Structure formats: structure tokens, C-alpha cells
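So that you can tell them apart, the chains are marked A, B, C and D in the order they are listed, and the count of residues begins at 1 in each.
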Amino acid sequence: MSTILEIRNLNVGYEGENGTTKIINNFNLKIEEGVIFGIAGESGSGKSTLAQAIYNSLRYPGIIESGEVIFDGKDILKLSKRELRRIRAVDTTFIPQAAMNALNPVKRIGDQFNDVFEAHGEDIEESQSRIQSVLNMVRLSPEVLHSYPHELSGGMRQRTVIAMALVLSPKLVILDEPTTGLDVLVEHDILRDIKRIQRQKGFTMLVITHDLSILYQISDWIAMVYAGEITEYGKREDMLNSPLHPYNYLLLKSLPRIGAERYDGIKLIGAPSNYSETNKGCQFITRCPFSKNECQITHPELEAGYGNDHYYRCVRTPDWKP
Amino acid sequence: MTRSESVNALQNVDMELNQNELLGIVGASGSGKSTLARILVLLYRPTSGKIIFEGNDVSNLKGKNLRKYRSQIQMVFQDPYASLDPFHNVEWHIKRPLVITKYDGNINERIDSLLEQVKLTPPSQYRNKFPHQLSGGQRQRVYMARALATNPKVLIADEPVSMLDVSLRIEILDLLLSIKKSLGISIIYITHDLNTVSMITDRIYVLNQGRVVEYGDTKSIVTNPRDSYTQQLIKAAPDPYKKIEVD
Amino acid sequence: MTPESNRRAIKLNVNDDALKETRVDGISAIFSSLKKMFAPVHILTENGKSKFGLILLLAMVAFAVVGIFYTPYAPNAYLFKKSMPPSYNHLLGTTGYGQDVFSQLLAGAAPTLMIGFSVGILGTLISVFVGVVSGFASKKVNEIINGIVNVFLVIPGVLLIMLFGAYFLGLKQNMGYLPTVIILISTGWAFGARTFRSVTLSVSKRDYILSSILIGERKLSIIFRQIIKSIMPVIVSNFFFTAMYGTMGLTFVEYLGVGNLQQVNWGTMLYWAINNEAYLVGEWWWILPPAILISVLMFAFILLNFGLDEIANPALKVFKKKKKVIERA
Amino acid sequence: MTALPIKYIIKRIVIFIAVFFGALTLNFMLPRLMPGNPAEIVYEDLLRDSGGDINISFLHQLEAEYGISNNKPIWIQFFSYLNDLFHGNLGISIAFFPVPVSTILYEALPWTLFLVISSITISFFIGNRLGRYAGLNRNHAGDLIIDLFSMFMAAFPAFVLAFLMLDIFSVYGKLFPVGGAFAVGVNMGLNVPFIVSTLYHAVLPVATITLTSLGGWVLGMRNNIIPNVNSDYIGFSQNLGLKDYQVKRIAYRNALLPNLTGFSMSIGLSVSGVIIEESIFSYPGVGMYMITAIDDLDYPLLQGIFLMVIIAVLVGNLIVDILLGILDPRIKQEGD
């Protein structure tokens, strides 16, 4: 398998009154072709900013300070507006947060599909069969093509957006909070369908969400982000069964699950925070129950955990582990 | 949703809440669970049927009696970013219910003790803060302190944690438990999330399209659901250890 | 996701809050209360448009204040040679009746501004009252009020101005500016009422208002303690809009001849200039100065109105370079 | 799915009838609320003007004309007022005695409609295009210029502008006629000289009304389109790599519909503007007669004009609202 997306030394900030506030700090990540890669982060982690930066769709006052996002051998951040527009929906696609609001309210769904074809120079007549097959994949009847968005339920609109994003068969699909605002039952169905389609078509999927449970349910790989930095990443099973970073460990422990015993051990304290530039040590130190003096002094770097496909950012590992 | 729609959103619901009980009401969206919460605080009126509170039918209360009833049954909302007035500080939010219910002790001390109750310590650090200076979890705590200020006998929590960060959810749920224990009040926890319901409630009612489809002891229902809708909900409850597999 | 309302509130709260934190004693108490008094002004200077509007308006006010205490000549006396072009003695020449134009301009500023402001204030008060009551009342009351507001919205203002004007003319009594102000308020309140009704409807559905109902707040208390505060930016913006309407309306009332034409203001100046066909005989110094000053005054109001909308409505907000934005996931 | 939004249309018609009835009542009440009664005022004025040369029976004739009578109950008066209305009887004009009000209106209305419709259409199209440009290029110099220009035009008193236009283009420039709707000696009807002459005479009034009403459209469109540019659906269409013109089209169409609502509301405003302009350009529309009616306290004519303008405005509103209901798919929902 080859690498489809590589993020190198990415730094993203928001311009403000007193200079730039850093959101993403020196971010590095490699994603293999054909996998579902999940990025988890709570508020303040910068995960939405990261998603937009990867797609090069970040708007002012957000600015990319430095770094590269290599997709298909090209640096997405260096593409011209025109080149960028051309690869969108064709090679890579982005399904935004609250996707059910992402449809143009005054145009029929069918016409919105045709807009996509028109934009990428596809023949509209010849492309109708593609719509049929992609609607089939997301389990929508062709009747939706004659509807306006408001005539559909939230779940149907979500499926429509997914279909629209996939209709030109892109190789990389980025999903930002794919199920926010959906009903539990619909959420479950849509997650299953997304995963089924991914396995059928073999594209690479990057899922970004705050919801750890669903992320672990669908991903092959997971990266945990805290305050603009990766704290730990690796294969799902390694991350789940024996986490090497306290954040991941404590979050997993505190997730309520049906039938599971209540966790009564050491708990995560405080609320999530943004990246802090004044903090020279570990970003997680303010919430970490296991921190020691050394955590204040040195900024921890990513270290190899299990073999070559697991990394964590903690100087206290494995001492803190119970 | 218009009012007339929501009134029809519940049909023949019989429900009982015991003293000092943590009761769960579970259902997907459209199940009528939020309508139920609003009917219980009489923001909507039932078209037929009764709400009996401490032996009296309260469904038609008006004016002074309505206000008195409401002070005994408070509600915590889903979105802590919307349930606090952005133009007033924490102190105001807790002081108003005390003034309205004519609290006869020292109001200042009461505000402090309420803030301590919801674990916002030290209180002095929070009293003058405005909602936008607080995190989601802190807002939800402030809101709980406001609800508790009327000295309610029942607290209705409508999806109180679904908009909070994962790491904060447990804290708020623990707070519900400790409120129940220390104040002896009854709590109705309304949610779509069976994971959290199974963790803190004593009994649950499962609502589907305005009807109760199953109810009883929490443990026995989540381990042995009879109704197919309950089974679906349990299956759909996200669990990191249950990987979604497709063929 | 933060609701829009919140972001709007944050914007307005920041000043308030910064002030609260300064501990007050002695002189700093006075200073702080002064600062608090001018906090709304601070908000106005945040936006380029409203800042420009504010400067223009203050200049107008200064001009009017001078006019109250000093005019080169008696503004309404027919002392001079008729229709003289501007000269050193008569900066803006004289009218076709032999009055000094510049003196009239100075003396007419205060009444013109006063009418603009009083229509703005009283009209806004009425529309806030009607709008908030209808937005917060029962469905039935709401619909009745809405119907009345619609009638006033649909009927062209000029018609009402004429009818009311004819009514007051019929009274044949000198009531000063009162009839004019009454006419303008009665034709100018409906638009604001509609705005306030819809913002009140949206505010009153918010959870924090429901919460107040649940803890037993009375409706009046909710209206005064919470709703009015929430819709304050809209109220101020509407004030400027109505003030602009008042100024424009004054010119209409005077032009149509249904006002009191003996008083000196920029509206009557235009009326007499136009009635004497100053524009046909080339007496530009008679017609242009009041026309331009009225335009500038209305321009100031409209700038403040739109500028404030941009401040209050986050969707219209301009991202100035160097503005702090906090990311929320 | 594409059916007419029936419920919405019915709701609009009900509102139309209610407002119309309200306006009728107001129209009926106003002369009766006047101090004394209008007949007396007119009679006294005439008496003074003619130096006592008028018979008292004229007063009674006037009172009959107004339908004012102290010995009939108010609801009977109201009923006969309505009855007269539905028979097209609007009374006799005083200023143009003995021409019936309905005749005057019948002759004046087409000219007014011509002015209103052409100027609204022109300013709607130009205003929306300018607003679109300003909204899509916000914070560029172009936006600022358009913005400030629109605000200044909205702030400039309409009738002063009319006089200036008249002065510059007709009196000094001699490019356009100083008044009238068509040249003397041209026969009314569908012939080329008449049409050319009509258009030529309409240039100045239409241009003036267009200029004064332009600002509202520009600013409305600009403020509608800006939130659209930041909307989820614009973001998504960019994510799908839609071309610039497609994205702008989406933003524009979504902003256009709310602006149409403004359009329906501004019909009344435009009519106000037209009334003023007509009197200045001596254009033989309703507005010109209105000024005469005011000057001569011609109540029947005033009432007739009032009624007709309201009907015109209401019908205009109704048409736009129904159009909006058909064009905007979201309204169908709202109507339910």
C-alpha cells in the first residue's frame, strides 16, 4: 500500500488583534491508501481547522503559516485556485459538518448534481447513470432528484450530500463530524453505509470527529489530537486495547457503555483547551492527573510505541500506567 | 414543529415518577420525549389526560398556582450555550429565582452554597462571570444551580450532556447523581443515548413515536430488551469496542 | 456550535464586562461611570460606516448649537435686497424675500435636528412597545396587532401625511411643530414595529427566556430585564432609521404645504425656495444649501443605521485585519 | 411536488382582504374625524373666496356629496359608502366640479401605473446587479463606492433631485420636455409618434424615481448576499469544485428571493415617490391630481385617490407575494 496523503510540519493559526493565535502546531501525519483514518479531538483541539487546512479551504482569519499537504504527489497548499478547483470532487472531496444544511435550498437535487458535472466538464446526459448508481449506494430512491432539500428528512439530506460528494468517484474523502445533528438510529445506519461504500469502492477516508465512540467503531487507524497536536496515533486495535497516552486512556475509560462497569479510578480533570504558546512543556499538562515536574520542562516528541505504526507523545509512558 | 403537531406527539402515555428516583426517558428524535418534558413543566398543555403532582391534578393550573408548581419542577436544557442569558452574569442567574421565590435567608450565602453544590468552587471566582466566559460544562453547572435555586422537588434534564465534550459528560452525569443523593430530589433524565442512561438511572421508559413501548428496571431492560425498538436503540448505541463490520 | 445570538451578545458584552472589572473608588468611579455612559458610543466607533456617520452627526449638532445662540442676522427678517448672490456680508446670499440664507440655515438646524430626533425617539418607543408586546403576547393578540401594522405598512406614507396634514390644517390653529411630529410618528412607526415583532418572536423562543418563565419570572420582568437588552442593538439601529425617516418626512410635510410654513427649518427653506422657482432663475445659493445639509444629515443617520446593523448582525460583520477569533469545534 | 402553494396563496388573499377592509374603514373614518366637517370647511373657504356669493344650499349639497349627515347612524353611512363604492360611485370632484372622481381617476391611473411599473422594474434590475457586485466583492473599492453612493442617494430628498434634474436637463440643457406625458398635437393611440413621444416624456420622471429608489435595492441585495456567501451551501459548492460563476449564481438566487419580499413592501414607497415626482414633472398621473386635491381640499377626489392607490399597492403586494410563493420552494412549507 502506498501513501495517499502526507501532512508535513503543518502550522495553522488565527490572525487576531495581538498577532496570530496558533491552533495547529507542527502537525505530521501519513495516511495509507484505502483505509479509514479517524482523527479525534474535543473542542479547542483544532480538528475542524485541521480538516479545512488539509482541503485548503480555510478562510480568513484562519491562515496556514507553514507546512505541506502532499496528496497524489502534489502539495495541495501550493496549488493555484484553478488547479485546486479541478481536483475537488474529482480526486478528493470534503463532506462538511452539519452536512444536511449544505444543499442549496432553492434548487432541485437533480439540478445540483448536474451543476457538479457542469463544473468538471462532464456530459450531463451521459452522467445520469452515475447519479443512479451513487444514489443506489447511499440507499436513496431516484425520486429525491425532483425534490427540494427542505422536502427531505435530515438523514436523507445527509445521504444526498454524501452521494453528491462521491458521484465523481474521488480517491480521498474527508468527513468533518459526519453525524452531528442526526438521530441515533439514522446515525448508525449512515455510518454502516459509509463504511460499506468505502470498502466497495476502496477510496481512502479521513473522518474527523469529537465522538470517540463512533470513531473507534468505523476507523482502521486513529489519531488523537489535543490542543493542536497529535497525542497518540496508530492502528485502531492498538489504540483501543493498550493506549500509551494518558488522554486516550482516560477518555476511553470514561466513555459510558451499556453493560460495562462504571469506571471509578483516576479521572480526567478540567475542560479542553486551545494550544498554548506560553506552555513550553506538555500541552496536556493542565489536565493530566499523572503529570510530573519533567512534563513542565520538556515538550514531548512523538515516540514509537508498537512497531512502526504506533506513536505517542508522553515522557511519562509507561510509568503512569496502572 | 408547531404547537398543534407537538400536542399530538404523545399518545396515551402513562408514567410514574417515584420520590428520590433517577428516571430515564429514552427515545430517538421524533419519539416525543422533548414534548413530554415541556408538558411536564406546562409549557405545553396536554389535550387530554392528567398530570398528578403530589396527589393533585396540575394540568390546568394558571397564574400564581402555575408559578408555584413550576418552582417545584425545574428543567435543564440541552444547549448550555442557549439556556443562559448572555447579557447577565452568573450571580444574576441564580439570584432571580431566589428573589422570585422569596428566599428568606441570606441570598448571598445561598448563591455561594448553590455554586458549591454544582462544584463551581470557589464561588467568588464565578459569580461575576458572563456566560461567554465559561466553558460548556461550567455553563451547564451554572444552569443547574439556577434550577436548584427554586428548591425544586423534581428536576427534568433534557439531553443535558449531548452538546458537551466527551470528557465533560461524566462530570455532569455524576453531578446529577450527587444532587439526587444529597438533596433527595427526583430527576428525570431524557436522552437518546442508552449508554449514559444505563449508567445512572434506576428505571427507564422507552418512547417511540409518542408511545411508551417498554418500561421498567434499567438493568433488566438494557440486558434483556423485549421490544424491537429498544433492541434497535441498544444496537445503535455507539460503543468503541464494537467495530462496525460490513461484508 | 455557538448560536448566532450568543456571538452577537458577546460582542456587546465585552465592553460592559471590561468596565465591571475595574474596581471603582473616588475619581476613577466618575471616570468609570462616564466610560459606561459612553460604552454604546464605543460600539458605534467600531465600524467605519457608523464612525463616519457619528462624526457627520456630531458636526450637524455642533452647527445647530451655534445656530441656537448666534446667527449673523435675524433669520426671518426681510432686511436685505432680494436674491443677492453670496458675498462677504451674506455668505450664502439672500432669499427671494430678502432674508439672509446663512442665518436661516443656522437657525433652522436645531428644529430640523430636533424633529429628526424626536420622531426617532418617539417612533422607536412606539414600535418597541407594539413590536415587543405582539412578539411576546398570545397568538391572537399577536395576529391582531400584526394586521394593524400591516395596514400601516402597506398604505403609502405620503397619503397618510396628506390626510393627517389636511386634518391639522383644518384645525386652523398654530400648534408649532406638534402636528408635524405627530404626522411623522404616525406614519413612521410601523416598519420598526414589524422588525421588533420578528426579533422578539425569535428571542422569546430561546431557551434562556423559557428558563425565566420556568423559574416564575413575570412577563413584564422578562421583557424589561431580558428581551429589551437582547434587542438593544436593533433598537438603536432602528432609532437612526426612524430619525432619518423623520428628517425626510419633514421635507415632505413642508413640501406638500401641510406643515407650518412660518417656522424656519431646512424643510420650509426648501419649500420657499422651490415655490419661488429658485431653481429656474438660477438662485442655487437658496436651494442647494438646505438640500445638501438635509442630505448630509440623512446620510449620517443612514450610515449609523447600516453601520450598527453590521455590528449587530454577525453575518454582515467585516473581518478587519487583526481581529481575534476563537475557534469552536 | 411542483403544485402551487395553495395554502400560502389563500393565506395571502385573506390578508389582502383584511388589509383592504381596514383601509376602506380608515378611508371612511378620516373625513368624519376631521374637525367640524369637511363640507363646512370647504363651504367656508368658498364663501370667503367668493365674498359671500354662495348659497347655503350648496353646503347641504356638499354634505350630501360627502355622505355626511348628522341624523343617520354611522353604520348606515358606512353601508351606503360601501354601496357607492361597489357601484363605482366615488362622488363629484370639487376642484374639477362637476367631473366625477371616477372619471378623473380613470384617465390618470394608466399614466401613474406606467411610471411606477417602469421605474420599479428598472431600479430592481440595476439595483440587484449593483448589490450583487457589492456583496460579492465586499471590502473592495467598488463595494465601498456603490455602498456610499446608494446611501447618499437614499438620503437625498427625492423632490429636490427632481427639481435639479428638471433644471439641468430641461430648463438649461433643453434635452427633455419640462412637463406632460406626450407632446401636444400627437394623437393618443397605438401609433409610432405617440409611443416615441410618451417614452421621451417619461425619461426624466422615470430616471428620477429610479435613482431615488435604487439605493434600497442595492443595499438590500448586498446585505442579503453577504450572509449567503458564508453559508454552508456555498461552502459545499466550493468543496465540490463548482466554478466561480456557478457559486455566485447560487448566492445570488438565494439572496434574490428575500429581496423580492422587500420589493413587495416597497411598492407603497414607490407610489409615494411617484406622487411627488408627477407633480413636479406635471405628469398627468394620480399624483398631480393629488396635489391639486390637497391644495383645494377636494375631499372626494382625495378619498378616491387614496382608495385607488391602496388598491394598486395591495394588488401589487399580492402579485409579488404569490410570485414569491411559486419561486421560493421554502415558502410552501411556511404556508402550512
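As a convention for this text, a residue touches a chain if its C-beta (ideal position, glycine included) is under 8 Å from a C-beta of that chain, and two chains touch if they have at least 3 such contacts.
All values derive from a computational prediction rather than experimental measurement.
Counting only chains that touch, the fewest steps needed to get from chain B to chain D is 2. Farthest from chain B in terms of Cα centroid separation is D.
Measuring from the averaged C-alpha position of chain C to that of chain D gives a distance of 24 Å. Averaging Cα coordinates per chain places chain A and chain B 32 Å apart. Between the CA-based centres of chain B and chain C the separation comes to 46 Å, rounded to the whole angstrom. Spacing of chain A relative to chain D, judged by their CA centroids, is 55 angstrom. Among the residues of chain B, none is in touch with two or more other chains. For chain C, residues that reach two or more other chains under the stated contact definition are 1. In chain A, the positions touching at least two other chains are 42-43, 98, 210. Those residues of chain B that touch chain C in the shared complex are 41, 43, 67-68, 70-71, 74-75, 77, 79, 81-88, 96-97, 100-101, 128, 130-133, 143, 146-147, 149-150. Residues 1, 232-233, 235-243, 246, 250, 253-254, 257, 328-330, 333 of chain D are the ones that touch chain A when the two sit in their complex. Residue ranges on chain C touching chain D, taken from their complex, read 49, 147-148, 150-151, 153-159, 162-163, 165-167, 169-171, 244, 248, 251-252, 255-258, 270, 274, 279-280, 287, 291, 294-299, 301-303, 306, 309, 313, 315-316, 318. For chain A in complex with chain D, the touching residues are 55, 57, 84-90, 93-96, 98-99, 101-107, 115-116, 118-120, 146-148, 150-151, 161, 164-165.
The touching residues of chain B, when paired with chain A in their complex, are 28-30, 135-138, 165-170, 173, 192-196, 198-199, 222-223, 232-244, 246.
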